[in-house]
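Look for subunit A in each of the two complexes below; its partner is subunit B in the first and subunit C in the second.
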Partner chain A sequence: MSETVPGKLIHFRRDRLVEWTVYSVAFLVCATFVWIAGDLVRGGIAHLSWDFLVDSPRDAGRAGGIGSVLVSTVLILAVALMVALPLGWATAALLAEYVPADSSFGLAVRYSIQVLAGVPSIVFGLFGNAFFSIYLGMGFSILSGGLTLACMLLPILISTADAGLRAVPDAYRLSAAALGISRTATLLHLLLPAAAPALAAGLLLGVGRAIAETAALLFTSGYVDRMPDSLLDSGRTLAVHIFDLSMNVSGGDVPAHASALVLIIALLLINVVAMRLAAGWQRRKMVSE
Partner chain B sequence: MPGGEAKSVKILSATHYVMFATALLLGSGWSPSGHGASQKLVLTGASTIAPLAGELARRFESLHPATRIDVQTGGSARGINDVRNGVADIGMVSRALKPEERGLHAHAIALDGVGIILHGSNPIAALRRQQIIDIYTGKIVNWKDVGGQDARITVVNKAEGRSTLELFLSYLKLKNSDIRPHVIIGDNVQGIKTVAGNTNAIGYVSIGTAEYETGHGTPIKLLPLDSITASVASVRNGTFPLSRPLNLVTRGMPKGLVRDFIKFARSEQVHDLVKAQYFVPISVR
Partner chain C sequence: MIWSKRNISSPSASAETVSMDTLMHYLLRTAAGLSATVVLLILLFLAFESWPALRHISLARFFTDPSWHPVEGMYNLAPMLSGTLSAASGALLLATPLGVASALFIAYYASPRTAGIYRRLVELLAGIPSVVFGFWGLTTLVPLINQLHPPGASLLAGILILTLMILPTIALTAHAALLGVPGEYLRGAAALGISRWGIIRGVALPSAKTGIVAGVMLAAGRAIGETMAVLMVTGNVVQHAGSLFDPVRTLAANIALEMAYAMDNHRAALFVSGLTLMLLVMALSGMAGWLGRSRHV
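The block that comes next holds the complex of A and B.
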């Protein structure tokens, strides 16, 4: 049959086939997300309530809520971001603006970041346990967990910010130089805002990785589900709580589903807020065309 | 471009950042000896005991407001290690101590058993000890060889360092290197989920956990061992062959807060907590 049809029709059919494949693959990806989210909603929505969000876990997490767990999660995330953001973005600025791309120092820093990015999280956990918890004497604490997470976030933050800064057209730098604006002012008021969407994307990737982390935290911030009094107390993050409920506590499935639902909603909210902030920062700093 | 104005805002926000960071650290009592004021105990070890220990800790804290009991998990081997090098005050070990661990002091707080579990739809009602050995060493690979359906057996084993594994091995007189596992699991509920999700799987878990799950409709069943029903009841009356003490372990004779907590964990006022986690309370004379 195909010999009789003109070549044009074959092309047409091939186009249709490719188009159909691309659509169905995209549909599959969406369907996976909908399936996971649907599963969580079905399993957890009935358990979700205001009390669940503010109460502390009881009976090994089967009863009660996740209030203390949420507080620990926020504290660990705050420690990690407060340490990792300045370090990461400063390193990225150095790599993108101050060091030539092919200098041996720049290459060495980039190479070590790539290696760091490929290290499995359990290795960060063991390192954090040995260095922060035992050597520096922080014990199982929110501080040592947050610092371990900060080490893990650095490669993501640096490489995304580096790429974002490099993507800013050189015309910006030249114009700024021609206007006599100092290098620091150019970086702070022009290049960083111009790269804001990339910075926000990196921040989101980092937050996503940090909030989903269990292996690096089990041995550093620990397993205690009580409300933390200080950064030197052990605190259980939401991901560790979900892991323990579903793997170690019989009858913990329903609260685990509800906790996972909270985690996903929190991630979505963080996504929206970070994107808004980045867009707003860019608009305030730069004249839109 | 509003350079100067924006610059001052920038500096202000950087100052704010440092102030916020310092305030957070100070406000949360950052100092090397920050937790000296209240007494603190750290427990690490067996994941089987961790949920119970967490509940014990909560009740102990409510009775002694100036104390903090932190419970960490990770397996019995970690409990032993952490007590030895002083990271933890008390280790949780879900088996009797081995001869080479004689330097440590064990204090049993409850009893538990280890039971063989199959999927609920598996027609096998009982396995002899030799059949279990043959399945776990890979000599029997199909259920029809032990009277079941024609289907390959999925052998679920525990990870190294778990006392459930050590107990199971010593009961069957096997070494871990003899076992031919298809799936290696960590915690008890993970084992139950693995078996409940695979009609041809065989595994072994804490009886307390398994009994809770069967009572809540999970499709698994506990096999009798040496024709003794695997249940919390048979662990309690001491007839079940594969039972174990759940121990709190200390480096020396317990003193002070450690002694108080262990005494509390072994007292009658926590029997309801032990039972709530499907373990058998121990009556201490």
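The block that comes next holds the complex of A and C.
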């Protein structure tokens, strides 16, 4: 008895110490997040205005706005999505609906997608420069930047769409087969619409990843900050603009702060919508089972 | 539109329906094949572009040349490799305990409501672009470190920024691994009267171990490949860092800095470092995937 009481006390104290540590780590992470967000808002909010959003940059970005930069960003994003969406969703449909999980083709595709997901963005940049810009002769252009981004987005689109399709109850497939509906029609009219929220959530995650990207675009879409005339023109995205302002332009900190704030707000909106969709999708999944 | 004749496949249906399905199958197979070849294309082009350097420069010279002066034909990558490895391992040392503690907080300590909010916050942290982390580090962290010990832009700044960037990866994967611990283990341990920390250390962490280690490996891959944030805060001097306050340059940052004007062998040497990064990350993610699979067996 005389031994257990101090033993218990030690356990109690250790428990308290660990609890205290865990709570302070959580507090530390929250505080850092608030610190970063606060710094960005404080530095950028005064510079933010409608004119800033629509004007073109002047004097290497020190004056003017980010109008042409936003246009380039949207164009690069559009190119990337137009290539990556059909390719990614078709791959996911094949993996989820057509090939058995343990077939060698399915395994090979899955493995290569998993490797692709881990490739560092600077390596995508090197590849895009060597393949799209030089080998295919697209030069520093919105097109080669968008295609490089499309390669980066494939894994995220495939894994979300794959998970979404697998979550559709088997009863749907069995009923469709019992009604004699062809597999193509089942996929197009039943399974893809049923998985639509997951597809949309994956799409938004991809968009978020794409507009945050810098390293892959430095040597593919380039630095030019004027309004792009065509897809073969060079154009800088918002993330590249922030990088250039803060590293290469002295006195560019204030517009860089404002641009970072625009980027963060855009990402936050995308994130909130994606979470909504994912939550709604999970709820529906529970109801239908 | 489901009821149009084209969409009905019955034994008596025309051959057209069958061919439609086969066509679709081939279409999807082509798309999947294309997606799978992207990785091969990347490896092929990295190898192709680094071939001139590998042919003209012996592999040993990447470590024994006196310095990194590619224009004068000196290609010592060792300082950059040490910069990459020290920044990544420093960040892992900091982020692993912080990330696992965050996961424990979400899984066992916080109330459901607080846990939900904290999880969202960690997810948002994961969504901050690396260029924004770099910019914040440059404008806030570097001046702070500069007051402590000039010049500010240093290995330490890189480690701190990388820690913030990989912490969410570790926390979210560790949380997923903790969720996978069977409830009866925890209830059984609680019924034996083991203290909360005793349950976590003796039951929860050991059974979630492989999942947590896999997450740490994914994070290590991310830390090694990270470019922009590190480039913006580490000062980019090619040297072996003597202390935490010395500026360093990482392999990835080196590529981003010099790619714009690199020619011939210099360019090929940059592709060699890209290939090195790719192989390192592939080995790490392969190991993480292998651990993840062996957990389910």
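In this text, the second predicted complex is superposed on the first by the 230 of 289 C-alpha atoms of A that agree within 3 Å, B and C clash if a C-alpha of one lies under 4 Å from a C-alpha of the other, contacts with A are read in each partner's own complex, and residues count from 1 in each chain.
Note that in this section a residue touches a chain if its C-beta (ideal position, glycine included) is under 8 Å from a C-beta of that chain, and two chains touch if they have at least 3 such contacts.
Everything numeric here is computed off the predicted structure, so don't read it as measured data.
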item: Partner chain in contact with A:F219 - subunit B first, subunit C second, else both or neither; value: both
item: Partner chain(s) touched by A:V109 [first = subunit B, second = subunit C, both, neither]; value: second
item: First (subunit B), second (subunit C), both or neither touched by A:D162; value: neither
item: Subunit B versus subunit C as contact partner of A:D59, first or second or both or neither; value: first
item: Touched subunit A residues, subunit B compared with subunit C; value: C
item: Subunit B versus subunit C as contact partner of A:A78, first or second or both or neither; value: first
item: Contacts of A:N248 with subunit B and subunit C, given as first, second, both or neither; value: first
item: Touching partner for A:G88 - first (subunit B), second (subunit C), both, neither; value: second
item: Which of subunit B and subunit C A:S230 touches, first, second, both or neither; value: first
item: Subunit B/subunit C common contact set on subunit A; value: 86, 181, 185, 189, 218-219, 246-247
item: Subunit A to subunit C touching residues, read off their complex; value: 11-12, 14-15, 18-19, 21-23, 25-26, 28-30, 32-33, 35-36, 39-40, 43, 86-88, 90-91, 93-95, 98, 105, 108-109, 112-127, 129-131, 135, 151, 154, 158, 180-185, 187, 189-190, 208, 211-215, 218-219, 239-240, 242-243, 246-247, 253, 256-257, 260, 263-264, 267-268, 271, 275
item: In the complex, subunit C residues that touch subunit A; value: 1-2, 6-10, 17, 20-21, 24-25, 27-29, 31-42, 45-46, 48-49, 97-98, 101-102, 104-105, 109-110, 118, 120-125, 127-136, 138-140, 164, 167, 195-198, 200, 218, 221, 224-228, 231-232, 252, 255-256, 259-260, 270-271, 274, 277-278, 281-282, 284-286, 289
item: Subunit B to subunit A touching residues, read off their complex; value: 1, 3, 6-7, 10, 17, 21, 24-25, 28-30, 32, 34-35, 42, 47, 50-52, 54-55, 58, 61, 68, 70-74, 87, 186-190, 192-193, 209, 212-213, 216, 276-278
item: Subunit A to subunit B touching residues, read off their complex; value: 58-61, 78, 82, 86, 133-134, 137, 139-140, 143, 181, 185, 188-189, 218-219, 222-226, 229-234, 244, 246-252, 285
